[in-house]
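Encoded as structure tokens, the structure appears first; notes follow it.
Lettered A, B, C and D in written order, each chain numbered from 1.
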Amino acid sequence: MSEKISRRDFLKLASVGAATTAVLTGCGPASRYVVREPYTKMPEYTYNGLSTYYATTCRECAAACGLVIRTMQGRAIKAEGNASNPVNLGKTCARGQATLHGLYNPDRITEPYKGIRGQPLGRESGSVLDWDAAIQVVADALKNNNPSEVAFLMGMAPDHLFDLVSDLTAAIGAPAPVRFGALGMFESRATLSKAAENLLGQPAMPFFDIANADVVLSFGANFLETWLSPVAYTRGFAKMRRGNPKRRGYFIQFESRLSQTAAKADEWIPIHPGTDGLVALAIGKLVAEAKGGVTPRAFASVNVADVVTKSGVALETLESIVHHVVEAESPVAIPGGTALGQSNGLSTAEAVLAFNALVDNFGKPGGVSLSPLSPNQNVYHRPASAQEMTDFIAKMKSGGIKVLFVHGVNPVFELPKSLGFAEALSSVPQVISFATFPDETALASDYIFPDHHGLESWGYQRSVTGTQQSVLSGAQPVVSPSYNTNSTVDVLLRAAQLAGGKFAEALPYADEVAFIQSKLTNLIGETDGSFVAPEINTFAAYFQQHGGWWKNAAELPTPSAASALGQGVTVEEAEFAGEGEFFFVPFVSPTLAEAGANKPWLQELPDPTTTVLWNTWVEMNPETGKELGIENDDVVKIVSEAGEVEAPVYLYPAIRPDVIAMPFGQGHTAYGRFAQGRGANPADVLGLHFNEAGDLAFAGMRVKVEKTGRKQVLSRLEGKLGVYGFIEEK
Amino acid sequence: MATELEQAGFTNRSEEELGGRWGMVVDQDLCTGCQACVAACSMENNVPFVGEEDAGYGRAMHWIRIERLWESTEYPEVKMTPFQPTMCQQCHNAPCEPVCPVYASVHSDSQDLNLQVYNRCIGTRYCGNNCPYQVRAFNWYDYTDARIRPELTTLQNQLNPDVTVRRRGIMEKCTFCIQRIHKAEDKAKSEGREVEDGEFTTACAQACPASAITFGRIDDPKSEVSRAATSSRGKHLLEELGTLPRVTYLAGGA
Amino acid sequence: MSEPITLLAMFEDIEPASEGVEKLQQMGVTDDDMNVISGIPVKNTILGRPAAITYVSRIGMFGAILGMFLGIFLIYGIPYLYPLLVGGQPIYPIPQGIIITFEMTMLGLMGFSFIGLFVDSGFPSYTPQKYTPEISDGKVALLFSCPVNEQEKFIDALKNAGAVTVAPVEARHL
Amino acid sequence: MASYAKPLARQKHAEEHEEDPRQHLMHDPLPRGQMNAMVMESMRETGPIFWIITAVLAAFVVFALGYEWYVLIMQGQGVAGVTRPDYWGVFLVNTVFWIGISHAGTFISAILRVLKVESRRPFTRAAELMTTFGLVQAGLSIFMHLGRVWLTYWMFPIPNQRTIWPDFHSPLMWDLMAITTYLLCSTMYLFLPLIPDLAMARDRTQGGWLKVFYKTLALGFRGTEGEWKNLTTAMNIFAFAIIPVMFSVHTIVSWDFAMATRPGWNSTVFGPYFVIGALHSGMAAVAIVLFLLRSTMKHYKYFIRPEHFNTIGMLMLLVSMAWAYFYFNDYIVPWYGGDIWDKLFQEYAEEGPKWYLWYTMLICNIAVPWLILWNRKWRETPWLLALAGILINVGMYLERYIIIPVGVTINRMPFTWRQYEPRIEIPMTVGTFAFFLLLYMLASRLIPLIPVWEVQEGQEAHLIRKIGKAEISTLSEME
């Protein structure tokens, strides 16, 4: 990049853009090479009392929502949604709002460190490195190892870093980078895309257009909480409910506990775990019969009476649902979450998709279709399933991996303990983490070369699903980095140059921006997008200004219903691992998700259904509690075949008496003062059982519950006296 | 007499006829209880977090809280009441106002809002006591003082300079993001016009993914909020008290 | 007539004291020239003396009116100076007005009665005074002045009336 | 042949015949000088135990009250148990309680003086001291409650640079006005009848700082006709004027609650209900104080006699009946009205987590006085009466506790209902009690707790006439 775009040129472009879009974006700190200057020398785009707004992408989850950050005098003040980004249309979730608590978190990693693996960080421990040395380390790690023994483990977000690493590994013949995230695991993404591949012909994330549906059957899909793209789906839900003045969409949730999503359903059906697929088939069969004509093969085999007994859903209920479906113009069924996290998850997903085929909503408004590919993407790619992680870990243990780069993921915390990732790490000679926060994995590696926080760094991110448009969401620094951190992309680029040879050839980029722009070139001149630009500089400027580039029109590859209905779907009974009187249902905490625990305001947010703050709880039906003599705030030990975990009980009226549930997101042993030693992690008790698609059957376990005799009062936002009554037995 | 009767709720007249300038509508049928509004509000208004123990004791400082009760707790006929985001209702006849001995909670003529003047407050907590909606939050400690809570030193970079940071012993509450109202009004004034509907909105309404919260001018019959407020589903909290809240709730259900 | 002298006659009880008063009156001592000092309040009629005049109640009344105006100012003057709306209540409320006015009136009444006591009795007075501690032991003292040359006459008269001692008295520090 | 249809109770004649009027203080006169000597002696003779107790109390005041308050101010109200919705806690309970105690003094010295109840004479001062000292505690408790107590002066109607004045719409401002008035007036009213006794003490003190003390306070009072006239006039004005003030004070205190739009509080009977409650605890407190004085102070057995306990006992019984009547009013009306929130308010008190407080309150406030005080023999047993007094005060404290921190849990937003648990309030409450006692003990050494001149005045006015076979106590108009 010889001719560097100066800030002045940029502002010209910006002003042009400003006329066309509401987002006022200077490219302040974004002026390529970030310098920190005293406020006495304030850059001309910051005036006292005036805010500057920067469009960027939210990195709190992989949904790629667009953000506009309000900054004032070099400080990020408020995160607001980017109104023009099709994924979230100006809306944000709680985690997006709290992203600033990540940026200004007191526990950020401030410098590159070496040789930790356990011992504490800090200058006094003499473990601080300078960046040249750090980059040398990376270069050596790349050069001195057999490429096949170099591994990259990355977060779920399909971003520019992932592209860069893919290029690198492809060029040097190293195994492709592995993407993983606990969210993906609890969403059973692999199962979904496998089912899509089997029935719809493409391994894409199916897109469920609930916005235009009038009856929604959700089989354990928590699309209002964390599932796939919560903001987008919440918007869809709102449209479904009140978008059409003539009719109010009807929403039925099948789930063994009343989740936040189920709480919004018109009908919540506490279904026996693992029978979602059967119920879907049964409903399908009844619908087919109600519609008359021949019942498609997919539903032929199922025996309704049998389903009724197995699922515990009364026949009348089924019939009323069928009635709703038959009456509806555009019904849609969504498989997800706990329904797929079963031994029979894949067939369940297929059954539900087949149901959609039956009601013939493929590619129609309010129906199912495939999520579009992102602008600069040509093949669907999904994060690794738990099965694949197991293989990966096996490879680590067998010493097949000499150097492991970890970025954007915290497998030690996110993977079930039983997978033994922590142990596997010890058998990897060199582990290099690019973590921004001192999470469990980072502290267990040899080096931490901290990346900028998302709001301090460049980038782009593909939107995998959640919108009908093809979206590439752009990111730019909104503040200059607070600490001595460095962009991982830059680190890899410079390391590659240092390593020279094929490495240098693989990554011939001057810096991160150059690399990003190289990935955007294929969009120059595209006329059907959010903006048109003649050449890369203008395009890059607009790209930052708009917060990305996206197609204007919806484009959804339509699968064929015939193939879906043609093949027989049989949902065999789910097997439950281990013994014990309870089915164990872990779910992702709606407010914390997998990485929110270190943000104090997310901790302070109450769980929507139980209103518990700052802690982990075990949901148990009061009746069950009475039988076992367990009261609120009694600490119980949950014992599974794989392990045990302790947490206080919340007697939750809206959960099946034979089910206990536990939120995922707390129980950190590191990860900063707000997260460390707080709550418990249900992943500790998850056993290694997979469904046909290789996803973890996390909801397919039986567990025992033991009283510990201890009490730990849960902090609740609700007043127990008012919500659950105050009459004392005396 | 007629007006008293109307104020007591014997009226079919819509809010704007009874006055008011800024108003809010919350559609409980849409609210998914996702807490985005709570987070947004806290980020915008420098609301401090109080930590596990205090929050559990009832000292959480949320300016907006999402309530949910149970219609029935008998499994399987369990029924949860629709999520109800509860913030200051900006009553026209606010019970919290006359009880303050030092005019710390006064009524704004021009905006018909319920003001809380932090630096006037001496902490008698009568207003909090007298608020039927229990939406006032009291600073039980110096929650915002980094000398007492070192973890705030970096987090304070994020404080919104348009909003006062409150010290201990002071009552605070939702202000309808009055700093945004002022910004918009000043802008409109400088351009010699009235504030337009949708020109700006409160932090909670801006964030809400389900667009369950609508904010705007209820004295403008054409505005989105007044149309929503006059919907047949509309109701006020504790209407019988005749406090004339400026927040309308749209009931859930069909 | 020669310069007067002040004598103090001590009586064991009220009965003889009133006798003494009567004697003195017969002997032409005016009521202004005598005073009865006692350890307990004694009705003037018992002693056969004119009633003492007191201004305490009038001063109190004056205070009450003053207090009332203060109260009225507080409740109605202040909002006139700084009108602020609260909770749909009138700027000049009547009921609150009654309360504040009442309290201030009462404060004025009692406060000024108290002050009135001081003013009227010349409290506090730490100057030397004609007094003897026995009075607060229940004795009744009759303080009067008479011409020096006739003092024996008065002394005998009072002795007959039942006075324990009758002696010239010097002002002393109490 | 008997001319009576009914038999006469001859056999019980012995017990039944009227007891000797001479055992009444008013008919058992001593020379004034001797009474003076007795009172002075009781003030002078101070044993080590006295000073030990004083030291202990002082320690409590310094640490339990002073230090904890410092902590409270420096750290904020968080160290107390208050929370949402329990914005008001024990501090206000103490305020109401102490103001209640303070009512006894005025009641006895003003109302009984106006009604010329002769047996009041020896203990009016003891009661008036309670008024002043109780109000001191009440005032302190209010300041403890404030979130920013260092800005209290913003409530005073004084011109200021903020060009903002207090808002008299607020019941708290009425409270401020009323309590200030009451404190000032009751203090003056304590001082007026004290002047002659201070003069007496002055005459009986030779040299030393005490002499200066008495001399200064006695204002040069001699007892001339004019002085007596002015004094008695002022006392009459006060006696009549302070009664409505006293009623207004506790009515306004009750309005702090009754004006609120809260279930259970918004009641019209609160005014009289609180006033009678105040008298209830006040009378009981007088009984305790009389017992303590009689048993600790030298010679007081002469001044304070069973007859006085009898008087107090009857008043206590009367007031407790009145209290029961008002409480029943306050209870049945909402109960019958059936407003859901009021019902919940009552149910919470009776069946909520603090149900036992409610039952204890009823037992202490109604059962105890009604079972103990109907019998004259028992009324005249000092320790028994003191015990009743303590129990009644426990009951009255609980009543306020139930109305404020317990009742405030119930509002119209059930989602927020929470329980209140006192924290730093406990030591600070103990501190106020210690402070009250400390003031009392110091006063007992400095000023005559018996208004000797009033006693003598009474004795002069009383005499026994023999009418027929019986000796009858008669009272002559002296003042």
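Everything below uses one rule, namely that a residue touches a chain if its C-beta (ideal position, glycine included) is under 8 Å from a C-beta of that chain, and two chains touch if they have at least 3 such contacts.
These numbers come from a predicted model, not from an experiment.
**Student:** Count the C-beta pairs in contact for A-D and for B-D, then report the pair with the higher count.
**Tutor:** Output for the comparison: B-D.
**Student:** Please find which chain has its CA centre nearest to the centre of all protein CA atoms in view.
**Tutor:** The most central chain here turns out to be B.
**Student:** Counting in whole Å, what is the centre-to-centre distance of chain A and chain D, each centre being its mean C-alpha position?
**Tutor:** 68
**Student:** Just the number, please: Cα centre separation of chain A and chain C in whole Å.
**Tutor:** 91
**Student:** Can you give the whole-Å distance between the Cα centres of chain B and chain D?
**Tutor:** 45
**Student:** Go ahead and note the Å separation of the Cα centroids belonging to chain A and chain B.
**Tutor:** 32
**Student:** At least two partner chains per residue is the criterion; list those residues in chain A.
**Tutor:** 718-719, 722-723, in rising order.
**Student:** Please set out, as single numbers or ranges, the residues of chain D touching at least two other chains.
**Tutor:** 85, 164-167, 169, 173, 413-416, 418
**Student:** Among the residues of chain C, which ones contact at least 2 other chains?
**Tutor:** Where chain C meets two or more other chains at a single residue, that happens at 84, 86-87, 89.
**Student:** Using the touch definition from the top, list the residues of chain D that touch chain C in their complex.
**Tutor:** 31-33, 36, 157, 163-169, 173-174, 177-178, 180-181, 184-185, 188-189, 192, 196, 199-200, 202-204, 215-216, 218-234, 237-238, 241-242, 244-245, 248, 252, 453, 456-457, 460, 477-479
**Student:** For chain D, which residues are in contact with chain A within the complex?
**Tutor:** 85, 347-348, 351-353, 355, 409, 413-419
**Student:** Residue numbers of chain A touching chain D in their complex, please.
**Tutor:** 718-723, 726-728, 730
**Student:** Spell out the part of chain C that touches chain B in their complex, as residue ranges.
**Tutor:** Residues of chain C touching chain B: 84-89.
**Student:** Could you list, by residue number, the parts of chain D that touch chain B in their complex?
**Tutor:** 75-78, 82-88, 145-149, 151-152, 154-155, 162, 164-167, 169-173, 176, 256, 259-262, 408, 411-416, 418
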